[in-house]
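Labels for the chains are A, B and C, by order of writing; each one numbers its residues from 1.
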C-alpha cells in the first residue's frame, strides 16, 4: 500500500518538476526571442547585408578618401572627448565626494542633465551659443576662430553628452574607499600628487576605465548633436555616423552598411572590454 | 627643552560642535602617553591635529621644540597607525612598508633592507609578498606599524590601534606593543577608550571627556587620586553613593563616608568607592556602615558581593573568598569605606546619567 | 636648529596652508566652471531662446504642421517602451541571475550592446531585417504588420536602444536577495509564481521603476535609431526630436528651443525622481 502511495507521490513530483521546467523554459525562450528580434537578428542582418555584395565592396569602401577621413575624424573627436571628460570627470567626482559646500546638491543634479537632453537639443544649444547671432559668436569671429561647422563645436557637443559617464562611475568608488589610505600616505610623507597617483588612482582604476569605455562608445556613436553643428561638409566635418546618414539618404546603401558594420564591430570590442571590467569591479567589492 | 610633543590650548570646532576644548599637555621622550576617554571625547581629533590631518581652530603644537602648528602632514614626519589599518590594498606587504621610503626616493636596495628589518621586527617576514586582504586583522595591524616605523618617524601616533580586533588578539598585540616599545623607545601617543590598555601600557595618561583634558597623570594617580567625578567614574569600577556634605563627610541617612574635606558644607555630593576598598568591619565605629548582603558570586580567589545600604543604595565589594564564605543572603554586615573619594554632584541630568552608565558598565 | 633650514626657503614660497587652501578652492572652482559652462550655459541658452518672449515660440511651435502629433507620439511611444522593457527587462534580469544555461555570458553581452552601439547603427540594423525587401519584412507585411516607416518601427527602435536600462537596474538587486526567503515561502506552500509575486517582486519594484523611468527619459530624446527607420512623416511617424531637427534646419530656432525645453523638462524631472529613488534604496540597504 505504501509503495503505491510513493509512486503516486513521485508522479506528482515529476509532474510538478516538469511544469516548473516548462515554465522556466518558456520564460527563457520568450527572453531569447525578444533579444533576438531586437538585437541579435538585426546584428546578423547588418553583417549579411554589408557582406552580401562581396568582399570587393568592403575593400573599395575602405579605400575611399571620404570614408578614411570620416573614421579619422570620429577617432579624433573620441580621443579629445575622452581626455577632457576623464580629466574633468575625476576632478568633479573628487569635489562632489570629498568637499562639503553649499550648492553641492545642485552641482550633483547638473551632472545628470545630459541624460535628460535629446542630442538634437545639445546641437541646438551649440548653434545658439556659437552660431550666427549667437552669444559668443562675435568673440570668436573677431579672433578668426571657427567654432561652428568645424571640429571645436563637434568636440564640444560630444563632451557635453559624455560628461556624466566618468563622474558617475568614479563617484561611488571614491565614496566607498574613504580617505583612510590617502591620510596614511600623507603621514608617510607623500605629497598630494604622490598620494593621488600612487594610492587613489589604483583604487579607482576599474570604475574609471569603465567610465572611459562608456564615454568612448558614446563619442563614437554620436549623431544627433553633430547633425546640426557639423554643417555636413564632406571630407571635412563628416564623422563616420554622418557619413552613414548621408549615404542612406543618397540611397548608397552598400557603402553605408559597410561603415555601419565597422562601427558595430568596434562597439562589440568595447562591450567585451566592458563585460571584462564589470567582472573586475565585482571582484573588488567582494 | 626638546619635548617630543607639546600642545597648548588646542581647540577644534566642527561648525557649532566643540570637539576639543583647550587641551594642553606634553608627551615624555621615549615613553608612551595615552589619551584615554569615551567615544566622542575628542581624543582622536587631538591626535589627528598633532599629525596634521586636521587643522586646529586655535592652539599651538610643538614637536622637539619646533612649532609645527602650520606645517603640512608630510613635513611633520609622524608615524600614524589607524584603527582600521588603512593599508594600501593594491600593494603587497613589502610595498606598503616601503611606501614612506619610496616617496622620499630612497634607493631600492636600501628600501628592501629596511623592509626586511621591520618585517623581522613585527615577525611577518614570510608575508612580504602577500596582499592585505590575505592577512588577518592582527597581522594587518602589525604591517601598519612596520609601515609607520619604516621612515624613522620622530613620534608614533596610534589611533585606537586595537579597536577593530577581537579581545584575545587585542591582548596579544597589547603585550607585543609593550615589548616593541621597550625595544625601540620611540615616543608614542596612544589614543584608546580601553582603560586597561591605557593603564597597562602608558607612563602618562591624559583622561579626556567632552573635549577637555580632565586629568593628566601617571596611571597610578589617575586610578587612585581621580581629580574629577568623571575620572573617578570612568577609570576603574566604583560604586557611586549619593548624599550631602556634613563635616567633611558625605552623609547618607544615618551613615557617612569620609573624603569630602574639599567640598562645601551642605552641597549635594557623590562618593566613589572602589569595590576592593570595601572592608568588612569587626566593630562598630562612627565610620562603618550597615549593609545587607544581596548577592555573592565567586571570581576565583575573590568574591563579588552586592550590598544594599539602609537608604536603598547599592554598594559593590570585592573581598577575598575566606572573608565572605560565612555570609548568606540577607545577612547584615558592617563595612568600612575608608578610601572613598567625594565630588560635587553634577548639576545637569546629562552628566549624571553618563556617570551612572559608566557605573553600570563596571558593575557587570 | 631649524632656523637654518628655514632660511633656505625662497621669499616667494607660499606657506603650506595657503597652498592647501588654493588647491582646495582651485579644484572646486574647476568643477564648478566645468559644469557651469559646459552644462549650465547651453541649458540657459535653450530656455532663453524658447521662452525669452513668453509663450509665443511655444504657440508657434504647436502650429507647426505635425508638431502636436509628434510630441504626443513621442510621449506615447516612450511610455510603451518603458512598459515593454519594464516587463522584458525584469524577465531578462531574472533569467540572467537565477538560471544557468549555456550562452548566459553571451546573452549578458548582447543585452549590454546598446550601451556601445551607435544609435544610427541600431536603426540601420533594424531596417536591414524588417524592411519590406527582406524575407522577414515580407512575411510580417503579409500578416499586416509594417515595421519600417511605421510606428511599430519607432517602438522597436526605442526598445532596442533602451534594453539594458531595466536589466542593469534590477540585476544587482536580484543578486542581493537572500534566496532563503523564497525557499521559506515555498516550504509554507507558495507556488513559484506566488513566491515571485509576494517575495521577489516587492523587493525589485523600486529598481524596475528606476529602470523604466530611465527608459522613458532616454526614449523622449532618441533620434539616431528612429531617424532612418520611421520615415518621419508628419502626423504619422514624426517624433519630437526629429521635429526639433526639422525646425532647426528651417532656422525656426525659437520653436525648436521651445519644444526642446518642453521635452527636457519632463525628462529632467523623471531623472531627478530616479536618482532620488535609487539613493533611497541604497540608503535602505545601508541601514
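Everything that follows uses one rule, which is that contacts are C-beta pairs under 8 Å (C-beta built on N, C-alpha and C of every residue); 3 or more make two chains touch, one makes a residue touch a chain.
No experiment lies behind these values; they were computed from the predicted model shown.
Chemist: By the contact definition above, name the pair with the higher C-beta contact count: A-B or A-C.
Modeler: A-C
Chemist: Farthest chain from chain A, going by mean C-alpha coordinates, please.
Modeler: Max centre-to-centre separation from chain A belongs to B.
Chemist: Could you state the distance in Å from the CA-based centre of chain A to that of chain B?
Modeler: About 55 Å separates the centre of chain A from that of chain B.
Chemist: Counting only Cα atoms for the centres, state how far chain A is from chain C in Å.
Modeler: Taking the average C-alpha coordinate of chain A and of chain C, the gap between them is 12 Å.
Chemist: What parts of chain B, by residue number, touch at least two of the other chains?
Modeler: none
Chemist: Contact residues on chain A for chain B in the complex?
Modeler: Those in contact with chain B are residues 180-181, 183-191, 194, 198-199, 202-203.
Chemist: Touching residues of chain A toward chain C in the complex: what are they?
Modeler: 20, 23-24, 27-28, 30-32, 34-35, 37-43, 45-46, 48-49, 88, 91-92, 94-96, 99, 101, 107, 109-129, 135, 156, 159-160, 163, 192, 213-214, 217, 220-224, 227-228, 241, 244-245, 248, 256-257, 260, 263-264, 267-268, 270-272, 274-275
Chemist: Give every residue of chain C touching chain A within the complex, in rising order.
Modeler: 23-24, 27-28, 30-32, 34-36, 38-43, 45-46, 48-49, 88, 91-92, 94-95, 99, 101, 105, 107-122, 124-126, 128-129, 134, 136, 156, 159-160, 163, 192, 214, 217-218, 220-224, 227-228, 240-242, 244-245, 248-249, 253, 256-257, 260, 263-264, 267-268, 270-272, 275
Chemist: Show me the residue ranges of chain B that touch chain C in the complex, using the header's touch definition.
Modeler: So the residues of chain B touching chain C come out as 55, 65-66, 70-72, 75.
Chemist: Report the residues of chain B in contact with chain A in the complex, numbered from low to high.
Modeler: Spelled out, the residues of chain B in touch with chain A are 51-53, 73-74, 77-80, 82, 84, 86-90, 99-100, 103-104, 144, 147-148, 150-151.
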